[in-house]
Structures are given as structure tokens and as C-alpha cells.
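Letters are used for the chains, namely A, B, C and D, taken in the order the chains are written, and counting of residues starts over at 1 for each.
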Amino acid sequence: MAITLGPNQYGKAETRVVRVYRDGGQHEIRDLNVSTLLRGDFADAHIRGDQARVLPTDSQKNTCFAFAKQKGIGQIEDYALDLARHFVNDIEPVTAARVEVEEYRWERVSVAGQPHPHTFTRAGDEVRTTAVTVSHGRSPGQSTWVVSGLRGLVLLKSTGSEFAGFLKDRYTTLAETHDRILATSLNAGWRYDPGGPHPAPWDEAYAQIRQVLVERFAEVHSLALQQTLFEMGQAVLQARDDVAEIRLSAPNRHHFLADLAPFGLDNPGEVFHAADRPYGLIQCAVQRDDAPDPGLAWDSAAAFT
Amino acid sequence: MAITLGPNQYGKAETRVVRVYRDGGQHEIRDLNVSTLLRGDFADAHIRGDQARVLPTDSQKNTCFAFAKQKGIGQIEDYALDLARHFVNDIEPVTAARVEVEEYRWERVSVAGQPHPHTFTRAGDEVRTTAVTVSHGRSPGQSTWVVSGLRGLVLLKSTGSEFAGFLKDRYTTLAETHDRILATSLNAGWRYDPGGPHPAPWDEAYAQIRQVLVERFAEVHSLALQQTLFEMGQAVLQARDDVAEIRLSAPNRHHFLADLAPFGLDNPGEVFHAADRPYGLIQCAVQRDDAPDPGLAWDSAAAFT
Amino acid sequence: MAITLGPNQYGKAETRVVRVYRDGGQHEIRDLNVSTLLRGDFADAHIRGDQARVLPTDSQKNTCFAFAKQKGIGQIEDYALDLARHFVNDIEPVTAARVEVEEYRWERVSVAGQPHPHTFTRAGDEVRTTAVTVSHGRSPGQSTWVVSGLRGLVLLKSTGSEFAGFLKDRYTTLAETHDRILATSLNAGWRYDPGGPHPAPWDEAYAQIRQVLVERFAEVHSLALQQTLFEMGQAVLQARDDVAEIRLSAPNRHHFLADLAPFGLDNPGEVFHAADRPYGLIQCAVQRDDAPDPGLAWDSAAAFT
Amino acid sequence: MAITLGPNQYGKAETRVVRVYRDGGQHEIRDLNVSTLLRGDFADAHIRGDQARVLPTDSQKNTCFAFAKQKGIGQIEDYALDLARHFVNDIEPVTAARVEVEEYRWERVSVAGQPHPHTFTRAGDEVRTTAVTVSHGRSPGQSTWVVSGLRGLVLLKSTGSEFAGFLKDRYTTLAETHDRILATSLNAGWRYDPGGPHPAPWDEAYAQIRQVLVERFAEVHSLALQQTLFEMGQAVLQARDDVAEIRLSAPNRHHFLADLAPFGLDNPGEVFHAADRPYGLIQCAVQRDDAPDPGLAWDSAAAFT
């Protein structure tokens, strides 16, 4: 019954890397939040305080900046893969590296109807994400996992949503409804099939998947958020052979009908109170039944948190 | 040297009103955060605990919802004016009312290239605001103040910004620069001239002013954020005769050039670290020299907070 | 009807200064968030982009760190006064300076019942504040304003609070209550009498005022939050001759009785739902009737924001 | 290669339950944030939109309030176990339930040196947590997991911390140091041995473990945060036979020495800049080598998020 070191990892979180491309007349910008996590044999650091095998988190941060120059920031998946492979291949004690990237979107400003060459405005809270895990010493097919996604895609439909026919217990007071507002702030993560064809370019896959998610949310007549999420996930897998699994986490942002009857007013689905807490929370995965075991990558994909 | 009650106000803050317009095939939604504050003779409530003259904040909340149905939510300035006038005119002890509204923008979703009739996505963090103050027993021209604005308009230009020739004291270590990133999250509030022509519609004024602010930020070659802000404000007053004053508050979101020299890399304005704190904070008003004294409305306009 | 520059100020916000005193065996730490704002003749910077009279915000930040060493950080009011006086006296274009300090509290950790010499834990969210304004070229008595305070003092009483006998209009549905939870997160700012005896030490004044506020909140049988706040403010002025005015801003954090009747359970003030939004907001000042006009200092005291 | 529903769960998140005990002269309060998540055969809800087996999240919320009255809120682990067992035993489709509870601490206020019977102040940001998972149809020993913990325990030591002798690569620029500030905001989760002696009472276990963590942080001369965390975890397992594993996640809140040399000042570990981002992030588990496989409970313990 000895006491031992269990799973462990360390790295630099939330390095804010901004890259400007100044080629030609039109500037481009990329705005990232990068976190690195290294795994390997770091028992000496934990047990004896010996740092000889520990690459400082400060060096990891420097690497994020240096790679933004050396490799550039094209698609975030490639940038993350470059970083993760570097840590695994070039830093001896590292057996696995996980690199998480959030990308903030900017839109080019228009002046007098013309796109401005170097001025931008932040395009919303929605964040594109990737979490790449590269492991050493496994078969090639298993050594790299790419889980891309988005966070904070806020969606609302003002009709086309029901909630009825549900299980009732002694604590149930909720009335059934056949017309309600359905709103959520979606978090999604999809895992690319490591054995499948390489999604090139990643940007196109992202754009297509985001559009599929939005369209299914809009088009499905919702009998429950569970059903909507499943249909959204299913449509993504139908649209992309290279996606093995998608995980969706959706808070149900309740909009309660304001009670206007005391004031002699009816309220046929027109005035709502948007509530903060509590909120429903619906989470599900949709997967191919032959998808390989996600192993290392999936447990840390954070699609559910 | 008696102790007395000084200025006081009370109300209901952050009532989240969502209004759906279901007329015809295309739904429309309006999403507001409404705060009401009442002023008047509430000395008895404070000094003796007597609530006979106190309209509960809960009733104020109910009024926000009822008015969303009765009056509808067209332009937020009109909705706020309706509420404020109601409190001043219909609630006897109230001598002045201040109503603040934040509006969150939603964009209609496209499905297969067509606008969807009832599905929307949140359009960014930027918030349109108004703060309306209606006072009793003053001359008509002075009794109503409308300060509209925006909050969280995040702007960045990747060149066209300098900072040089500044005052140096013994604590100055900053290097001069003739090419830097300039970024801010702009808060602005503009006060409409109460004696001027009524801005009808308010929505058009908002859209025009926002565009003027964005265009001037883009077009001005910046020698300092102060200069950029002044030019932005000046352009608004030049574009709109009905605006008496504008206040601008702009954190200078520093982007520091990453030092890549230790790695043998140059960095000609390409890789930056986006810093959180501290940040510069630049605040100024631009006004007409014959603008009437703002009095009640302005001190609470919160354009600087 | 020319367009002119109105009020303006600039500075460095949220410089996070941590000071360790290592004298003797017991370390002490002070943890501050410092913001500086300078006012003066900065028209050239705004109108012509000429920085010759502009001390960079970076230099202001450096000054905050340098003064933490040179002057030390004793009481935050003294530290803020030292900084503000320096900017006004030593930087030629500056005619007024405002320095805001937030102080985060730390408690010394105990090990085996003994205070540890150099380990600390954060003591809550509550923040002690000061906002000092020093103006040039006025009479000595008017040139310095000190508004100290606290932010985020969360208080709750589980009984001893009523709300009844209030004004009812057509939108009133609230039931009267003679026993409710009263909870708030108090923000308070008190202005020291500039002509009065110097509060030395400031720390004692702070501790006494905080205790008076807490005790009055506890002891007053509340007929309304307005009454509680007034009594709290009045007690502070009664306890401290050197305080000219106090401003209190208190969100009413509603705790709604859970409706357990559908489950055959009574609920005599035992189970509550703590709501987020909307919330009541009650704000008042209590002042001496001979208090000098606050002028510059007060409008920016931020006690109401 | 069919597309199928993968892991899924749903529930009500962040129900804010406040319980007042009014027995006798002294009131007591408990302030909780409760989230429930149910797992089971919910395929019909996802695939066909059939809610017949879905207990509404609203009913789950009601249950949280009703149990606060019926069962009371003694120790949060017991309250969470009661809720989880109810869902698994009484709601037919539910095969597993996870209940997460955050508890906010309040301190009784003193008035004139005496504890006040019904007035309290929030005691810091630190949160006590538990996450209980109860699964149906397993052996008793495996069917219940209790992972208790804390979040946001902010610790700082102003000396007794080094970082030197680390691995250097081409991107390493960090200087070694033998005296630095070490600060973190600790998140910890410990899993009770399901086969071990029942920790009765849970409150005592919590208090003891928290104290062990604080004392080890203080006492260990730190050669790296990894070492400090391991020693903290090891000490917990040594102190409590009923704890099978502990996971620690610690952001390294960097405090950088302010460079005062340009101003002719030395800075022997006295003035620091507290940085926000990026930050180091160190995570490790310490476990008994015969600890049973955590299975269901552990992956969702969220100690690392």
C-alpha cells in the first residue's frame, strides 16, 4: 500500500500569441490563446525536486512565440501539431504533449464600403478550438489525436421547440409546452479519425461543420434539446467521413414567459424573462460504431467541461 | 453639523427582457438588459423605514415586461423614454427616473443560403446602450436627457500607429516607436441635444455614429490614442448636428513585440504578446462650445466607467 | 458652435504591485491594484497628436513600482497621496492626479497552531479601496480629497428584515413580508473632511468604519434596505468626526422562498433560492449639512458604480 | 460504420440552494450550488425525441430544494449521496447519477465582541466541493464514489522557493533563481476509498485535509511546484487511510521582480509585479498503489479542470 505518483502533466497555459502578416497591402492577423502540457517521466521532479528533466514552462511559452514566426500560423491544427511534435521529438524526457489553441476571430473593417487594409474588429465571443495530443512510441495511427471544436456558439430559435410527454415523478411541477424558445451556448469538440484521410485544409472542415451544426439546430423541429443535439452530431458525421466522433455540451438557457395576466395583458409567446441560473445541461457524444478507442486524446478533450 | 440624507436613488437592475415579434413568417427578436432608478422624496423610507412612498423594485421589473408588450420594443431610446416618463408622470413621489438599457445583437442564421425565419445567433460582445433621464418640473428642454452609446467595440489596427516625442521623467524607460499595434475595447456615450431636432429614427443615428467611429479609428494615422479619440469624437459631432457631446473611454490594450532575438529570429512587427494588465486608459469628451449644461443626465451617464 | 475638447484624463490602470517586507523573521506582504489618472493641459496631444507634454502611462506604472520601494507601502492612503502629489508637483503639465488603490487582504497561515513566518492565504473577495485626488493651485484645504472605502462586503441576515406597507400601482404583484432574508454585497466610499483632523492612522479609521457598518447591518431591524443603509451611514458619521460624507451602494440579493407546497412540505423560512438577476439596487449618501462641496474628488469617487 | 449515440448525460446545473436553520436563538445557514447529472437509457430521447423516460431537469431542481427541507443539509457529501441515490433508486430509467455540490462559507458576524444570532459575512472565495457518483447494478463497493475537494485555495509564500537546475533547450531564456515568490490558487479533489472505513464525519476529514495541504505548502522548502504538490498529496494520504487518491491542479501565479535598476534602486526580493497570463499549470495525482480503479467516478471528477 505504498504511496506513488499518479498521472501528471505540466505546461504553460494561456499564452496570448498575436501574429500579423504584413505581406502586400492587406494585413492579416491571427489571435490565439495557446496552452501546452507535457507528459513524460517527471518522477524526479515530484519526488526529489530535481529539475534536470523539466523544460521550464517559460521555455514552452518562448517556443509558442518562436514557432509563430518560424512556422507561421496557418491553420491552428497545423500550428498545434508542429508544437506538440517538437516537444515529443526534441525534448528527451517528453513522451506526450498536448497543445490546446483557442482562436479569436476578427473581421476586417470597411471604410466607405471598401475593406480597410489593416483595421479589424473582434467578431464575437465564439471561439474556434483545437486540442492536439501527440504521443511517443505508439503506432503511427495512434500517436496523434486532433480534437477540434468551437465554444460559445450562442443559438436561439424563437419557435419550433416543444417539451412534452416527459416522465413525471412526485417532484414534477413543470407544465408541458408545445411552443417555447430554445436557446443555448454550444460547446462542441469533434475528433478526426487518425487513420482517415487527412482533413486538408482544416479550415474548410471547420467551416463546414460549424455550418452543419447551425443548420440542423435551425431545421430540426425540436422535441427536446437531446434530440436536437443528436441530430446535429449525426449530420456532422454524415457530412464528414474524417470525423470519428463529436461531443456536444449545451446549457439550456431558459427563457420563461413573463406572466402579464395580472396586468390584463395576454402573452402569446412574445415577452420572456431570460434566466441565468439554474440551467439545464445536456451532453452527448455521437460516434461511428467502428471508431478506434480515443485513448489519451479523448479523456482530455475537455469537450464536456 | 447635523447628519442628513444626501443624494439617493433606487430601482431594479438588470431585468433581462426578451421580446419576440411573431408577425408574419419572419420572427424578430429583441434582447435587452434593463435597469431602472427612481429619485424623489424618499426621506421617510431612509429615516423612518416608512415604505408608503416607495414603489417596489419588483413593480418596476413588472413594468419593464408589461411595457415590452403594451408599447413594444422598437428603438431602445423610445422604450426607455416610455418607461422613464411613466415613472415620473404616474408615480407620485418620483421626481426623476433614469432608465438604462443594454441591447444585445442577434443575427439571423442562414440555412442553405436562405435567411431562416426564426433562428438566430448572438452577434458578438458589443453592446448598444442608452441611458435616459427624465426629470419633473423643469422646463421641457431640460427635462429629458438621452445619452446613447456602445460598449465593448473591440478595434485593432496592425499598423498606422506611433508613440514618440513624449515627455520623459526619471521613471521613463519606454522606447519610442513609429509602428505599433493599436487596440482598444471602446466605450462611448453621446448626448443628444435636448433642444435640437429629434433624432428620428434613433437606430439610424446609432448606425451612423458607430460607422463614423470605426472609420475614423481606421483612417487616422495615430500619433497617440488621445489624438485618435479626439478625431473620432470630432467626426461624430461633425456628422450629427443633434449630438451635443460625446465621451470616449478607451483602454489601451497593449501588444508587446515578442523578443525573438535570443533564438536568432528577427521580428519586424509580426509576433506580439497580447497583455492583460496593466493597460493604459484614455478618456476624453468632445463637445460643442455652446452645449447646454448636462446637469442631471451627464454625471450618471457612466460613459467613463 | 465650434467643436472643442472637453474634460479628459489618462493614466495606467490596474498595475498589480506586490510588496514583501522581509525584515526580521516574519515576512509581511501587501498586495495592491493601482490605477493612476492624470489631468492637465493635454490639448496638444488630442488635437495635434503632439506628445511633448504627455508622460507615458508606462512611466506612471514604473513610478508605482519605484515608490513601493522608495516610500514603501504603509497605509494605502499614504501611498496613493505620495503618488498623486508626485505627479502634480513634479510633472509640469499635470494639474490634478487621481490615484485609485485596491488592496487585497492576506492572512498568515498557521502551522501546528503557530503563525508561519512567510506563508499566507487570500482572505476573501472583499477589497479595501482608496481614491485620492490632488489638485494644483487651489487653497490647501481644497486641493486634496481622500475617499476611502470597501467593495464586496457580502452580508446576510436570515431574519430581522421586513418589506411591507409599500406603494402599490397597477404593476404591483409583490406580497408583503415581515420576515425575509436580507443580503447584499456592499460597496461603500467615505470622504474624509479635508479641513478636519488628519485620520492617523488610516488603518484604524478603516477598521472602525468597517466594524460600524457590519454592526449596524446586524443590529438594525430592517424595514427596508434604504433604512438599513441610512442607519449604517449615520452611524459612521457619528463615530468619526473626520468623515464628511459616506456613499453606500447595495444590490439587494434576492433570496426567494422555495415553493415546497406541491410536495406536501411547509417552508417556514428555511429553504431559499438565491437569485442572480434582476436585483434591487439601493444607493444613498449620508452627509453632514456643513460638509464642503466635494468638487473634483466626489464625482469620480466611483462609490456608485 | 453506423452512426450511434455515445456517452450522454443531462441534468440541472447550478441550482442555488440556501438553507436556514432557525432552531433556538442562533441561526445557521448553508449556501450551496448544486448540479445534478443523470445517466441511463435515454436513447429514445436523443434518437426519436421521445421524452417518456426523461425526468425534467426542472424536477431535479425541485428535488434539490425538497431534499434541503426533508433531509436537511448536514454535510454536503451526505446531501449529495441522498440525492444521487434517490435518482438511481426511484427514477426507473436512471442507471447512474452524479451530483456536484459547491459550498460557500459564511462567518458569523460579531457585534460588540459577541457572535450575532442571525447575521453573517461571506468568508472568501474558496469553495468546498464534492462530486458523488452512484451507479446501479454494480457490486456495493463499486457503486458509490465520493470525490471531495476544494477550489480556489489561494496560497503564497514569500520565500522558501527555488527554481534551478532545469533542462535547457534552444528556447530557454529563464534565469535560475534560489529565492522567489511561490503562489497558486489550488484546486484539489480527493477520492475516498469506497471499501474503506466510512469517513464520519466528512466535515472533519475536510478540515483535516485542508489543514494538511496548507501546512505542507508552508513547510516544504520548494525546489519546484511539482515537488510541493507531491508532498502535499503524499501527506494527505499519510494522514487519512480512507483517501485512495488525491489530484492537485495548481496554476503557478507568477510574481516577477520589478526592475528598479534604471531608477538607481536595488530590489532584493521586495517589489513584484503580479502577472495574469500566461501562467504555469502543474497537475498531478498521488495515489495508493493498490487503489481500486476509479472507473466512472474519476473521469468526471473534474479535479483537473
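By our rule, contacts are C-beta pairs under 8 Å (C-beta built on N, C-alpha and C of every residue); 3 or more make two chains touch, one makes a residue touch a chain.
Computed from a predicted structure; not experimentally measured.
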Over the chains that touch one another, what is the least number of steps taking chain B to chain C? 1
Given the two chain pairs A-C and C-D, which is bridged by the higher number of C-beta pairs in contact? C-D
Looking at Cα centroids only, farthest away from chain A lies chain C
Here the gap between chain C and chain D, centre to centre from mean Cα coordinates and rounded to Å, is 31
Here the gap between chain A and chain D, centre to centre from mean Cα coordinates and rounded to Å, is 23
Indicate the whole-number Å distance between the mean C-alpha point of chain A and the mean C-alpha point of chain C. 39
Going by the contact rule already set, what residues in chain A reach two or more other chains? 15-16, 62, 66, 171, 173, 262-263, 276-277
Quick one: do these chains touch in a line, a ring, a star, all-to-all (complete), or other? complete
Inside the complex, what are the residues of chain D that reach chain B? 170-171, 173, 262-263, 276-277
Taking the complex as given, what residues does chain D use to touch chain C? 15-22, 27, 29, 31, 62, 65-66, 68-70, 106, 109, 111-112, 116, 118-126, 153-160, 181, 214-215, 217-219, 255, 258, 260, 262-263, 265, 267-276
Which of the residues in chain C end up touching chain B in this complex? 1-16, 35, 37, 42, 45-63, 66, 90-91, 93, 163-169, 171-174, 222-224, 226-227, 229-230, 234, 237-238, 245, 247, 251-252, 277-290, 299, 302, 304-305
